[in-house]
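Okay, so here's the structure we're looking at.
Order of writing sets the chain letters: A, B, C and D. Residues in each chain are counted from 1.
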Amino acid sequence: MNFLFLSWLLLGLGACTASLPWRSSKIPAILGGGSAVLGCLSGLIAAGQGLIAGKAETFSLPWSMPGGSFSLRLDGLSAFFLLPLFIVGLAGAVYATEYMQKEKAPLHWTWYNFLLVSMAMVVTAANGLLFLFAWECMSLTSFFLVITEFNLAEAVAAGWTYLLATHLGAAFLFAFFLTAGAFSGSLDFSSFHLLGKLSVPVASALFLLLLVGFGSKAGIFPFHVWLPDAHPAAPSHVSAIMSGVMVKTAIYGLLRMCSFLPVSPVWWGGLLMALGIIGALFGIAMAALQRDVKRGLAYSTVENVGIIILALGFWMQSRAAGQHLIAALALAGALIHLLNHTLFKSLLFLGAGSLIHGSGSRNLNHMGGLMRRMPVTSLLIVCGGMAISALPPFNGLVGEWFIYRALLGGGSTLSGLGGFFPAALLGLLALVGGMVIIVMTRIIGIALAGSPRSPEAAQAHEAGWPMLSAMTVMALLCLAGGLAPVLLLRVAGQAGVLLDPDSANLFAGQDINPWWLGMMAFMLLGSLLAAFSFSRWRQRRGTVAAANTWGCGFAFPASRMAYSAESYTELAQSGMFCSCLIPESKDGQTVGYFPLIRSFVFTAPDPLLEKFFRPLFQWTAGYCRRCCCRLQSGNLHIYLFYVFSATILLLFWAWQR
Amino acid sequence: MENNLLALILLLPFGGACLAFALPSDRLRPWLLPLCGSLHLVLTFVVIQAGPLSAANGWLGIDPLSRLILLIISLLFCGCSFYALGYLRYRISWGNRIFVTCLLLFLFAMTLAAMARHLGILWVAVETTTVSSAPLIYYNRNRLSIEATWKYLLLGSVGIALAMLGILFVAYAGLAGGGHVSLQFDDILHGAATYSRPWLKAGFVFLLVGFGTKVGFAPLHTWKPDAYGEAPGLVGALLAGGLTSVAFLALLRTLQIMDAASEAVMAREAFLAMGLISMAFAAVFVIRQPDFKRMLAYSSVEHMGILAIGVSVGGIATFGAMFHLLNNALTKGVLFLAAGNIHRRFESKRVGDVRGAIILLPFSASLFLLGFLAITGSPPFAPFISEFTILQGIFSGGHYVTGGLFLFFLAVIFIGMGSTVLSVVFGNPPEKKGDENYRETLATTGAPLIMLLIILVLGVYLPDPVRRIFADAAALLEVRP
Amino acid sequence: MKITILQLFLHLLLLFGLSPLLSGVIGKTKALFAGRTGPPWLQLYYDIWKLFGKGLVLSRVTTWVFRAGPVVGLAVPVLAALLIPFGSIGAPLSFTGDLIFFIYLFGLARFFTACAALDTGSAFEGMGAVREVTFSCLAEPTVFFAFIVLARLSGSLSLDAMFGQTLAASWHSAAPSLLLILVCLFLVTLVENCRIPFDDPNTHLELTMIHEVMVLDHSGPDLGMILYGAAMKLFVLGALVVRLFLPGTTGSMILDLLLFAGGMLLLAVIIGVVESTMARLRLLRIPQLLVGASLLSFFSLILLLR
Amino acid sequence: MDNTVNFLLLLVILLNFFILGSSRLVSCIRTVAIQGGMLSLLPVLAHGFSGHTLFLAAGAFLLKGIAIPFLLFKAIRQVRIRREVEPLIGYVPTLILGTLATAGSFIFSDRLPLIAEHSQSLFVPVGLATLATGFLMLITRRKAITQALGYLIFENGIFVFGMLLTEAMPLMVETGVLLDLLVAVFVMAIVMHQINREFSTMNIDKLSSLKE
């Protein structure tokens, strides 16, 4: 706990001093970045202590606010969420020292450090008011980070969508905490155990409040609409933090609050599973359609959150049905996937940032051939791509392995509908897994491989050591997770036993131990090494000649003829996607035998946002405006009439009393 | 001693007003404002320290509520007076004799209203605020400001006249109840239990409508957007933060009378209904509001609704409402002052014409943005705490529907205000440059900055003396069974 | 969870020794149908040997990813082969949940093959990569459904047990389901190995190819590794189909081995027959067929769940 | 005594109707002045002679009977208008509404318990009726000046009602009330002058550009 306070102190100091009007542009970077790095290191120690100690540490100070107290609690669950927070925070801070433009950097450090503090406070708060306080601070600071490029209209629009979504979600959380506080008599989490006595309908209402409230932050399916806009607008390391960590704090909240509610009816889990799989399918399909690399990654976050939610739902459902082994597997899968997603998604966002930094564009079709110009970044992105596609020997497989095992366990042992749903989900999840490979090969193939598709890409430059080292650390962690999955299970187990005390012995025992996966990852590395040495050996023996790519008879292949980001998904789009997802294209038609030069606009906006939320909001706003015009017409007579009629009405009312 | 202190705090602004009217120099005159403002603040602190005071045969006095209101007025006015220095220097050619005089008279009237322990005095003071603020609204001397002034004057006068009727009704209720007639507040509280119910209820309705017009409950709020929109930002701040607080104090006095007469349930129901209607109206009007100063006016309507709900629900919500009174006043101050700067720079307050303020006016635009976040209840600013406290009271009182509506309106208003504020603050400045000579000065940004810092500190840490001010005020409004 | 040295040795021997032969058998069968003599039985062995001895020609556009494709393509089937039983010879490596690893191993191969194809910057190879990843993506649910059926019947989550001794008994109790998934797995084998009706490895138009067009630029030892890897992949997936078809054990290891080898050859003949009698499907029909296969395997699961 | 007072109060109601039905501004102002003058007799008539009532009567007469009408006369002389334009609701409907409002006031005041000594007096109904008349004027008339007149009538209604409570009202407060009224009308007159200067009309329909 002391290290946590030290970390907050450092981060806070850095935040306050970095944006002062310093003469030199280096001082903010040293103050802000240095404090962020030191603060994160100190925070990592705190998280490590929390994980190793295995028992909760509490701290409490009175706070003068009514209903509030400055109570903190650092237990396994909190530490489990603190760990990735500070890892990504550290990497992001190192990365940002190079990535941020000089004039925007100082203020950025303020928000960045405060974001880290508020996130850490969210996962350690043990009082409703303090939680909401930290929660809202987290939303605001991340909003300011999203609009770092505030001179761009689209960045501001994205930030606004984000703020709107998160604020609407927060209203539900307010409702939850206030109701919970009213029931349990205090906003302290220590008294929330009284919620366990609630009747099922009330508890279900509270659960729905939680789902909407936290879902809008976590990007659970119908509430994900802010995510694809906000992530591309933010600086890349901020996208990494938001996508890798901030989104997870919502899942932390969901888990923590659900642990106070009485044991769930089966349908809670079913609802989560349904939302999860829809989100996963929708997210990955949309990710395949984006030409903006960061937008694609943002949709991939929607997909991964969907998978996590699916696993959590399956956990709840199997726990309610008394299937402890399957429940433990699902919970472990959800937690491990959550941790893994933090690692590889932040790696990918940092990598994408490096590509943007190097090539000057977010559009996949303007990159190409970066593998040659930016070899290290590209290698790291390939690693991240493998991890997110759940390919061995990286960590992505470990989480998915648990989830698949849980679903397989359910599908192969339960009968009737109990077996039907896991089996169906398994198939759909496999489809998602296949599509992830489409998405990742697309990003790698279009952006990194081949020849440059724009003059800027041809002049791209590799990132410097701060950015590269930040990414390398993340990639190594991804690999370590794949090679030592038992470690992942141990870490997740610290949180798991708190959430599901019934399966404490399962987490510690051998039934769900994934050590064979690590073994297999080593064997895969070995066989790859063998094949590689064979290849090198044959290459040494023979001659190596260089030539142009075989153009199937065409002598002058050009990068404009290569497959583009859109053509890459055309097949999947026409074969698999439903029509509402199909992107819109404008002005593509050519006329006549010798068509003139045609421009072609291709957009893949979020269908839910564009076809549901935006029209709904616009219609409501228009309706309100019409009401306003009628009510406040500028005519003094009518205003006086309001006063008169209000008096008469109130007199009548008073008379009735 | 007590008499002297209260007389001093009243005479200071009055004497200042007379002096301002007499001084010939447009350059020197504005300095009277910070002088009076700071002295008033100092005296206010002395008064707050002094405990309960009473003077002029008990016609004037200081109870915890007056202490709170006095603190609010004084803080706000002090901030605005420093701002006025910068503002009036910028508009030196416009003349400021009437403006400064009326500002000080306005302060005098508000102080009098805060200290009044006699309903007649209270009425006269509130009416004086109307009369003295009308010329302030007319400061810009164009067609729109005339229109705003006329509407303000007429609606305000009619409302306040209704309040007079209400006072007479309450007094007659005493007579009809067989008691002695007095408009002394303490006498009324003392004898309220015996008052004649029909007269008392009718009187309450007239008082609610009358002072409610000044407070700006919907649908009596119609003068607000016009007056706030056309007045200089400085005046808007004083109206939205000071005048509304004073008028709300008058309503609280009414509530005290109803409590004393054991009619608390009815009064609180009326407050709750008024509060919810106000929030609903504000929510509808604030959406896509094309004029950012009018938007602030609707936000003021909303916050009056919040206060009414907080007071009506009782319990801890009353404390929240008292806290919110201060927060609302200071935050509105920040918003109006910053909006005034933006208005001056762009020479427009239409959303279409004002874009990219953060590029041209980095400080004012940041203050405007932060003020918006504060007023919509975002931490770490104090309105978050006070609104949350009110909500806590609502929920722990079991008013779940009210709580749900409250949250819903808050969210809608956040959306409505946010889209306007963001398009004002961000983006690229328009071609039409506005007044390119306008510069932000220490006076015009420092004052709102200080106010923002105050609510920032209060949002994180509420010192015990300050907390006691709110708690004592809230204790007066507790229903004693 | 066991490793047996003998089984390891046998597996590797069978895999490396026998896998190129299947291609020869398929070729001969097709030649027989077409009335030609056809290439020799051991043609693929000659090709691979020849290619291993040649020099490399690399495109100027390509990078290490291009070279990684063949390496992964060769390593993956070898490792995958160790997870499955060949006939009644148990798998050398087996653990609970290894089927997930098995499926994702092929995902790894696909990932790198596609990336290597895109690395050349050629429109044609990109086309192949797209088709490969898209069609395999649709085939994955089928495999999972088939595996659940087997897991349900055997009560285990390791491939060794799923395709182990209980399979024969399962044919008695759940023959319809097993028949359905046999068909489905056969289809998956065809699509994963780019055989007719999904892909025509011998066509002469790059526009219509899937796998072959992806490896257009590979040459020399790299191409040899790709050919070898593809043959092994066919062998591994084929081994599953054969095991499903011939579930029992004779009790003698030699006989079992012969039975397995015979089964593999029979599979090759069947593939040859299918290729000779069917035409390649239109590209847009392929997803429909694959979705149909998934539904079929899901239906087989429902038969069991009932 | 009661009869005299009640007769005076009925006259006040009559004047209310007269104002509602009249379209000539000069006669409207004159009527309001007369009404104010009559009201200023009330303190003396109702409560007898005393320093308090005399002062009140004198103050009310000076203000309501002389000063404010003078201000308003001056205002219309400056702007040279004579007639009210057609009101929002015609004269006859306004009169009908006025009658209804008067009837309503009488009914409403029946419900309010009066103490014995006031039981015969018409202060409450007449006060409320005058109030309602003022409201009607405010709501239906289009000229700024007629609205100001409406406000005055409104205040007159309150004054009538206040007669019930003269002993409760300290002199200082009464003075303050009257002074505030004077200042309010004074400010209104100034604003009217400005309206006329800017808009060249007193028609407040022109004052509706501030709207949503």
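One rule holds for everything that comes next: contacts are C-beta pairs under 8 Å (C-beta built on N, C-alpha and C of every residue); 3 or more make two chains touch, one makes a residue touch a chain.
Since this is a predicted model, take the numbers as computed values, not measurements.
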To reach chain D from chain B by way of touching chains, what is the minimum number of steps? 1
So which chains count as neighbours of both chain C and chain D? A
Of A-B and A-D, pair with higher C-beta contact tally: A-B
Most remote chain relative to chain A, going by C-alpha centroids? D
Could you grab the centroid distance between chain A and chain D? Build each centroid from C-alpha atoms only and quote it in angstrom. 69
Cα centroid separation between chain A and chain B, in whole Å? 43
Round to the nearest whole Å and give the separation of the Cα centres of chain B and chain C. 78
In angstrom, rounded to a whole number, how far apart do the mean CA points of chain A and chain C lie? 36
Could you tell me which residues belong to chain A and also touch two or more other chains? 625, 628, 631-632, 636, 640, 651, 655
In chain B, the residues touching two or more other chains are 150-151, 154, 158, 202, 225, 285
Listed by label, touching pairs are A-B, A-C, A-D, B-D
Chain B partner, complex, touching residues on chain A are 64-68, 129, 132-133, 136-137, 140, 147, 150-151, 153, 156, 159-160, 163-164, 167-168, 171, 174-175, 178-179, 181-182, 187, 617, 620-621, 624-625, 627-628, 631-632, 636, 639-640, 642-643, 646-647, 650-651, 653-655, 657
Give every residue of chain A touching chain C within the complex, in rising order. 368-369, 371-372, 375, 378, 382, 385-386, 389-392, 397, 400-401, 404-405, 408-409, 411-413, 415-416, 419-420, 423-424, 426-428, 430-431, 433-435, 437-438, 440-441, 444-446, 448-451, 514, 516-517, 520, 523-524, 527-528, 530-532, 534-535, 538-539, 542-552, 557, 559, 561-563, 567-572, 574-576
Quick check on the complex: what are the chain C residues that touch chain A? 1, 52-65, 67, 70-72, 74-76, 78-79, 93, 95-101, 103-105, 107-108, 110-111, 114-115, 117-124, 126-127, 129-131, 133-134, 136-141, 143-145, 147-148, 151-152, 155, 157, 206, 216-217, 220-222, 224-225, 283-284, 286-287, 294, 298, 301-302, 305
Along chain A, where are the residues that touch chain D in the complex? 625, 628-629, 631-637, 640-641, 644, 651, 655
Interface with chain A, chain D side, in the complex: residues 88, 108, 111, 135, 138-140, 147, 204-205, 207-212
